[in-house]
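Okay, so here's the structure we're looking at.
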Amino acid sequence: MLEASNLECVRGEKSLFRGLSFRLDPGACLMVQGANGSGKTSLLRMICGLAQPEQGDIRWNGEPIRKLAEDYRGELLYCGHAGAVKDDLTALENARISATLAGTPVDVEAARLALRQLGLKGREDLPARVLSAGQKRRVALTRLLLEKRKLWVLDEPLTALDKTAVANLGGVIDAHLASGGMAVLTSHQDLPLAAGRVEQLRLD
Amino acid sequence: MAETSLLSALGAVIRRDLLLAMRRKSDVLTTLFFFVIVVSLFPLGIGPEMAMLRQIAPGVLWVAALLATMLSLNRLFAADHADGTLEQMALSAVPLGVLVTGKVVAHWLLSGLPLALLAPVLGLQFDLAAGSLGVMVVALLIGTPVLSLIGAIGAALTLGVRGGGVLVSLLVLPLYVPVLIFGAGAVEADLGGLGATAHLSLLAAFLALAAFFGPWATTVALRIALE
Amino acid sequence: MSNRIVNWFKFASPQTFYPLAGKMIPWFWALTAVFGLVGLYIGFFVAPTDAQQGEGYRIIFIHVPASWLSMFIYLIMAFWAALGLGFNTRLSGMMASALAPTGALMAFLSLWTGALWGKPMWGTWWVWDARLTSELILFFLYLGFIALQSAIDDARRADKAGAVLALVGVANIPIIYFSVKWWNTLHQGASVSLTRSPSMAQTMLWGMLLMALAFWMYSIAVSLTRVRAIILERERHAGWVEELKELKS
């Protein structure tokens, strides 16, 4: 269970939001909405522990995430604007190496399977340099399938994805929620998710 | 986390950085060429008198090694920062310090180690005797890891900062002074017939200190840079 | 009992510290003037002419205090840096950045007066003496700190990054100092040390101590002024700054 209470975010000299509180239970998804520059990415980075809130705190199962450190990071998966995909490595190498860096090494078969599941069949051994933006994004998203984390924090995961890939990702997130996972995400596009699980959070 | 998985993560980072360097060899080779060119310029500036060259050789080689390391520091974290890998490392279940250590080791394997192996060839240009060349290599093998470890702190502090490349040299070069003194001193002591053991032991002591505190300070600096 | 415990964190807030610093500054200036005048008087009129070095040696009344202060200020800077990193207090970072230019000034002054002294004494402006060389490296460390802080736009990040650098620097200073000393003895360069006069007269020591106190008080006064400016700059949108009387006119 993820809980945030009374968060305040300051960027430069401007306070983007204050007094923000929410609670996320297993199986639920929090959709963060707001205009450009309203602090969506900042909020997501706070939830990950990359940025410190000016005020307030974030708790995971009742413990402040600062204290939990690696124990919390082991439950967390963050996918930001930058996909952490290396141009010089193949799709398969990218998938396996990012899983290893995250602390959950996977074998070749699992990585191939995940790539195929996201529609990258036949592209596994191409260097990421020659992949399109959408395909690179899909390589980045294989981590969702490989790393087995409880809480997904996804910043604009749909950028550059085509319709089938969006539907595909929707299915992946749904399955994650159905198995008791949690997700926090931002998106300017509509993401088809099963009704009843999605909560909205507006930043203004 | 169990120790074995920490070690395997450490190994994975080193392999990854080596693999990336293999795919883009020019980065590594540029540093080496720089080293060779800088060292070769000195006789042109000073004159071909062998006695003089022999005397300045240790200093010249070490200063060139410092500058070459300096040049390669920028790519230590910059690429990973730009494409988001560094964020992922900071969020990994593996402690960031372990991953940073891996990156520093890889940096040394790609800059310090080749420099140390190349140094004897350049030492010949300066008419150094075989024994002194040996001491030179040993001193570089012990000293260059310290350069990578301290340099990593500077690289982390200047990550994504305006003019980071020049700034890092301003921050790090003064901290390299002890390594320079004892690294070059080792070869000079050998040339003077004093024996280089004392110098090399002190270099090793610096290495122990830097290996202990360096990754820790780098980790702190990286977290600050990512905030 | 509880009200006898001073809440030090109260003073760590820029809002309470700003007026407090404003009240302290004139006192430190006054102390600077008193110590400075007495110190200079002793230095110029009471201290005897040195048997070997003549009148030129009197520059040590500037040189030595400046060297002491340059090292001392780096320590203080590192202290504030550690405090800022440890407790995440905003004022500590501001103190560290306010001290750096004064520290750099002291290091520069020490180098400059060292050179001025060297010329008549040894006939050369610069000697690779262990102390002068360490002082030069210390000066570089200050410049690095200032350059790093001014290159980072975000004030908080600048404080923290500067703090890490200051701590790395302070851990390295002893190592650098002893390395340079070793290097100096090995190379048998000029072995005349600046402060090793055979028998320093008691009055000379007093003069130097008084001048050191004057420099110290000056450093405090200037740093407090600078920290006030930094507070105003960083908190210019805070309510309490907008209500300050001195800014209204």
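For reference, chains read A, B and C in written order, and residue numbers begin at 1 within each chain.
Keep this in mind: a contact is a pair of C-beta atoms (placed from the backbone, for glycine too) under 8 Å apart; a residue touches a chain by one contact, two chains touch by 3 or more.
Quick caveat: nothing in here was measured; it's all calculated off a predicted structure.
Measuring from the average of all protein CA coordinates, the nearest chain centre is that of B.
Relative to the C-alpha centre of subunit B, the farthest chain centre belongs to A.
Note on chain placement: the centre of subunit A and the centre of subunit B lie 36 Å apart, centres being C-alpha means. Subunit B and subunit C have Cα centroids lying 32 Å from one another.
Rounded to whole angstrom, the centroid-to-centroid distance between subunit A and subunit C, based on C-alpha atoms, equals 48 Å.
Contact of a single residue of subunit A with at least two other chains is seen at no position. Listed for subunit B are residues 227, each touching two or more other chains. Note for the complex: subunit B touches subunit A at residues 1, 5, 8-9, 12-13, 16, 19-20, 23-24, 82-85, 87-95, 99, 226-227.
Subunit A contributes residues 48-52, 70, 73-74, 76, 78, 80-86, 88-89, 93, 97-98, 100-105 to its touches with subunit B in the complex.
By the touch criterion stated above, subunit B contacts subunit C in their complex at residues 150, 153, 157-158, 161-164, 167, 170-171, 173-175, 177-178, 181-182, 185, 188-189, 206, 209, 213, 217, 220-221, 224-225, 227.
The touching residues of subunit C, when paired with subunit B in their complex, are 85, 137, 140-141, 143-144, 147-148, 151-153, 156-157, 160-161, 164-165, 167-169, 171-172, 175-176, 179-180, 182-183, 186.
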